[in-house]
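What follows is a set of structures for review.
There are two complexes below, and they share chain A, which is joined by chain B in the first and by chain C in the second.
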Partner chain A sequence: MTKRAPNGVGRRSVLKGTAAVAAASTIGFPFVSKAQNKPIKVGMVTVLSGRVAILGSASQKGAQIEIDAFNAAGGLGGRPIELIVRDSKAKPEEAARIAREFINSEGCEILLDADTSAAAFAIQEIARETGILTIHTNSETSSLTADPKLHVPTAFRSARQGIHDAIAGGSYAAEVSKAKKLNRWMGCSPDYAYGRDSNKLFFEYLKRFHKDAEVIGESWPKLFQPDYTEQLTKILQSKPQAVYSCLWGGDLTAFIDQSSIYNLFAQTEVFAINIADYAVLTAIKNLPKGIHSGSRYLSTFPPTKENADWSAGYRKKFNEYPLNWSWENSAGTKFVLDALKKTNSTDSKKLAEAISGASISVPYGVDGKLTMRAGDNTLINYSTGWGQTIQKDPFVPDVKSVDWKMILDLETEWKKTMKYI
Partner chain B sequence: MDLSALASCLITPSCVITQTTSGLIIGLLLFLVAAGVSLIFGVLKVVNFAHGAFYMLGAYFAYTAYQLSGNYLIAVLAGGIGVALFGLVFERLLISRVYGSPVLMQLLVCYGAILILDDLVKIIWGADFLSFGMPSAFQQLPFVFAGGVVPVFYLFLIVVALAIAGLLGLLISKTRYGKIVRAAAVNPSMVSALGINTGVVYASVFVLGGFLAGLAGGLAAPVRSLTAGMGTSIIIESFIVTVIGGMGSVAGALVGSILIGLVRSFGTIGFPLFTEGLMFVLMAVVLVLKPSGLFGKGGA
Partner chain C sequence: MTRSSLLRDSLIAIAVFAVLALLPFIVPGKGFTDFMVRLAAFGIFATSLNLLVGYAGMESFGHGLFFGLGCYSFGLIMQTFPVSIPVAFLATVGLSIVVGTVVGAICVRLNEIYFAFVTLAFQMLLHSLIIAWTPITGGDQGLTGGIPRPPFLGIRLDDYYHLYLFSTGLLVASLLAMYHIVQSPFGYTLRMIRDNAARAPFLGINVFRVRLMAYVIAGAFGAIGGMIMSLFVSGAFPDFAYWTISGEAIFMIMLGGITVFLGPMVGAVMLLLLNDFVTKMTTHYGLVLGLVILLFALGLRKGLMDFAADLWRDRQTPTSGPRPDTAAKTAASAPARAGE
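Showing the complex of A and B:
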């Protein structure tokens, strides 16, 4: 006969209950705890091979520096962030496949598109279809966020933008042109979406600010072209007073090296928007003096202690200089992490609402802040300016800031012209 | 399309000199790679798609040698000899196993080798692009002839590449080795029956091709950005040259390369948006008029 306790609970029931609690405390509770500590997976699709492998390596490091700090501070209620990085080999179709794999197989809750512009448009459509929070961290093609037909509420851009750079570059170049009477211009930019967009907009704003400027010729090397001799000789034949180029990375270093042996820099003023990035500045063995460049990323611009410290911290951690892609990915990741903290959730819609219109404190923003503009979900107020090269560190010592009010006013006008608003 | 600019260039001596030099330099560097591709195909009947990777290795070997020695000549030789030795190992271990195999098998083997070599370069030299830097001897103002501009370094490259082309021509046409190679290309069984070790002949041709590609990589390194995968574009152009010049013909490779160089240099003035396409147009025209290539023998 079973002895029962006064409240009707039997001894065996108590023993079973005790055993169950014991079992739960050794197996069940850790399981619950493990679930709570399950990492939040963030998938980054980028380029880790070929001539633009540096894009992927800088992007990964830019994101990782923020994630490491976040995880060290305890993550999201104990849940750390896990960054999963895959190589698209710079193929848009591969980037789209990886993005889908991140969502469907890897269980990623957030997507960082750190690929080229070509992939960004494909990933934007995946963001639309799946509703996953997506940050485009490298694409600078303006229409990605400016064109309302492409708008996706959960997709943002944390990169600089072509139209902003064109206005900044055009106004700076016009100022120099007026002072030096540079009226005959040529373009030499890579023959793909970014190159054509950048070239067209730069000259549009140059001519707007300097009416006498005339484009006497254009040259379109293909992306990753190894030899620019034919373009350089064409430039020499045309005898322009100034040349604009948005070549970048290894293509730009080859172009500079090949231009040097033709003594191009003594014959014409060169405006190469993408020189002022350490990947290029440190790679060119004999950096010509006096090339005009936009500020991609420099530890001396903005000239603040915070920016210098951020750069030094990055260099200490990775033993290399931060690049433009480093800060763009760092910024994109920080927007996500701040939103995670604010919402205490990984729900894409909630995160997107938190990111839209938000500002973050970072050293590479104007007055230490960056804003993710609501409406078109794009980044504004990043430090932007132009200066001239010297051969040694700090490479571009005197960067002239460009006024963001002017950029934003002209951007609005441009959007109207494009019928985006 | 800007035909008036092209016409104006063709009647201006400075433009003709500058663009012709530009075409020669593009073409002659291409020739050093294309000659190897053509020789290897002509003798070994192997479509060596990995030859562009040899060019890349030559540039990287030269880069390292230049870092260590500071001497450009040593760097270029290191590029050539390093790739020649690598080519020997590559031929013995890999390519010799696909002699006589279908082209698809050869392409797969070469493509696999390209991927592995690109990754090895990334592991050894890093994923970032590298810049060799112009040797101080060539840091001079360019020559100006009748208003045309010719950089000193390019003049040096043209002379060296033409010398190599001449020596290669003599080697193939005037020496006993050249006769054996030409015979092996036509009838390897007969060569073997005469007591000549065809395996050694094949390996030597591969080594020679590798040496030329490595030299090209080393010679071009000061004006190229060094990255894993830098051989891809040159191998495509090399095959176009081989088709234009005729499979297995060194003279054809030389003429085809210079034609490609000139088409590119003058094409960029008249057809700035179609310069790449012009190469394929040229190839198509040659294929229609002479399917075996300008210097090719027999049918296509």
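Showing the complex of A and C:
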């Protein structure tokens, strides 16, 4: 027999109801809360294996430092950012696959392309196809954003650019050349698109600012070549007054170490655009004094307390020096995070509108600011300059800034030459 | 191979395609369709390599020549000329036949390691050409700017599902065509040349011509795989013509097996799944892949489908007292070569 309550509700019904409420309170309510705090997933495609694995490691840390600070401050209305990082093995088709996987299977709402340039072009097409907000954080190839045919409204570049570096390097080298009467030049750059473009543009701008400069020879080591004897012999035989090189990473370290054995630095001035990055500076066994280099990233340039603090914070968190890729990824992530706060949305179009033309406050920008130029969606006003090495930390103590107005004027001229505008 | 078996296999292919067409509605998410598009590209590529390795005994190390050629020629045609996709498709297949004939005429005269290395040399020649001919190919940045996909016959390849149908349709059609080739008298001639190239001329077979035809046919299918890949990434990259892409196809047929027609397809599934899962878990993909290859090479000593086929054959054979004629047949079927 079933006892009924005065309102006609049975004991079993009451027990069932109580059980349901209890279940809802233990399963249902936290579920609602969990849905509200669902992380915003950001997918990073990068290289975590092979010769350039350091690129991925520094890129991940650069992005993570910003994301951790954002999450610690409460995220986006309680929603934290989750960074998912995958290794493309430096293969464009794998980068494209991972980018699609992030969007289609992992539920990523934003892409960070921290891969090589070839992969960046592949990911640009994914951005075009899917319309997802994409930040290219490492590709320095100018055409990625300069060529209007490749333009994607939701894709941006937060990295330095080849044409900017060439103008900055050419103008600095011309000044030194005029002062020291360095007229006979040679190039020694890696034999692939970046090396050939950088070499060509550097000499183009050197000659523009210093009419007497003459290129007497060029030497093209293969990418990841271990032995530079052939190139060094050619340089020593040609007796140039100055050498330009855009070798980078382990290749540059090997080249500098082997050049020291041949006593190259006593016989010629060397302009190596990629030395001033801690990965290279700390890897060279005996860093020669007086090599000219562009500033990739230095905690002493810009010489501000904010930059030194940012560098120190990074070193404390990760127990290693920040690199050029660190700030580029930090900057890209910060543009995204600022846009998220501004729009309170993860909609790619809204975020892109917020990022286009925006400025962010960061210690590695000119006057503490970086700008994402509207129109071609690329980064400008990052700190760039040239200086000479010394053997100990701070390695490149006196970096001379290059004027951004000149860079932008000449960039416009270059774009016209390339028929981009 | 009779007309009725062609009809039967065609009906099976249509049924398989119908099932594939329905699968995206059962398996949700675009991750599945992406996987199948890549599988179509690599499946056709690996199976076409097995036409040479498994059936003709021609161990090509440079089959990526055609994969890269397919990617680049299809991409360049679509970017340069206002043509439809079927026209670019046919033009690419045509180009691969021409290139296959010229390269094959040089390579197929050679045997074993000499053949392997000359094919590899031609592949690296294409790779060098791609790197050096920057104004046309984009050099080491690849063919950028996307591949136009004008609609044709109501098919819009910028739509995920349409690209999936197109790719899986090509996969099924290519597998059907290759299956019929290996089951045809031509296919059996290939096996004969593989097993005894010296005896074949005494039976009136022009070994050079047959080997050249096999090389050209395999190349044309390899190029179809490349075309699908170029649609997947909407571009073409020098990696697609690098020797490592040939290495991947060799891994696929090693993992899947060379004696069963669908072995390379199974290998392609295994290698792609392995890549996708391992990449999610660790950055030591190379180490894991190496261990798996070792397991197959030293453990099974053959591909998965070869192992399964041998197991099945063993189970079919009575364990005690087989009749002498049955034992002879079993012994004849033992060699692990394709199609036996």
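Simple rule for what comes next: the second predicted complex is superposed on the first by the 392 of 421 C-alpha atoms of A that agree within 3 Å, B and C clash if a C-alpha of one lies under 4 Å from a C-alpha of the other, contacts with A are read in each partner's own complex, and residues count from 1 in each chain.
The working rule: a contact is a pair of C-beta atoms (placed from the backbone, for glycine too) under 8 Å apart; a residue touches a chain by one contact, two chains touch by 3 or more.
Note that this is a predicted model, so its numbers are computed, not measured.
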Inset, instruction - Name the contact category of A:Asp257: first (chain B only), second (chain C only), both, or neither. - result: first
Inset, instruction - Pick one for A:Ser49: touches chain B only (first), chain C only (second), both, or neither. - result: both
Inset, instruction - Based on the superposed arrangement, let me know which partner A:Lys149 touches: chain B (first), chain C (second), both, or neither? - result: second
Inset, instruction - For A:Gly170, select first, second, both or neither according to whether it touches chain B, chain C, the two together, or no partner. - result: neither
Inset, instruction - Determine, under the contact definition given at the top, whether A:Pro190 touches first (chain B), second (chain C), both, or neither. - result: neither
Inset, instruction - Please write out, lowest number first, the residues of chain A touched by both chain B and chain C across the two complexes. - result: 48-49, 53
Legend entry - Touching residues (chain side chain B, partner chain A) in the complex: 5, 9, 12, 14-15, 18-19, 21-23, 25-26, 29, 118-119, 122, 127-134, 138-139, 141-142, 149, 151-154, 220, 222-230, 233-234, 264-265, 267-269, 272-273, 275-276
Legend entry - Residue ranges of chain A touching chain B (in the complex, touch as defined): 48-51, 53-54, 56-57, 191, 217-220, 222, 224-227, 229-234, 236-237, 249-251, 253-254, 257-258, 260-263, 279, 283-286
Legend entry - Contacting residues of chain A [partner chain C, same complex]: 48-49, 53, 86-87, 89, 91-94, 96-98, 100-101, 103-105, 117-118, 121-122, 124-126, 128-129, 141, 143, 147, 149-150, 192-193
Inset, instruction - Quick one: which bits of chain C touch chain A in the complex? Just the residue numbers, please. - result: 29-31, 34, 38, 131, 134, 139-142, 144-146, 158, 229, 232-235, 237-240, 275-276, 279-280, 283-286
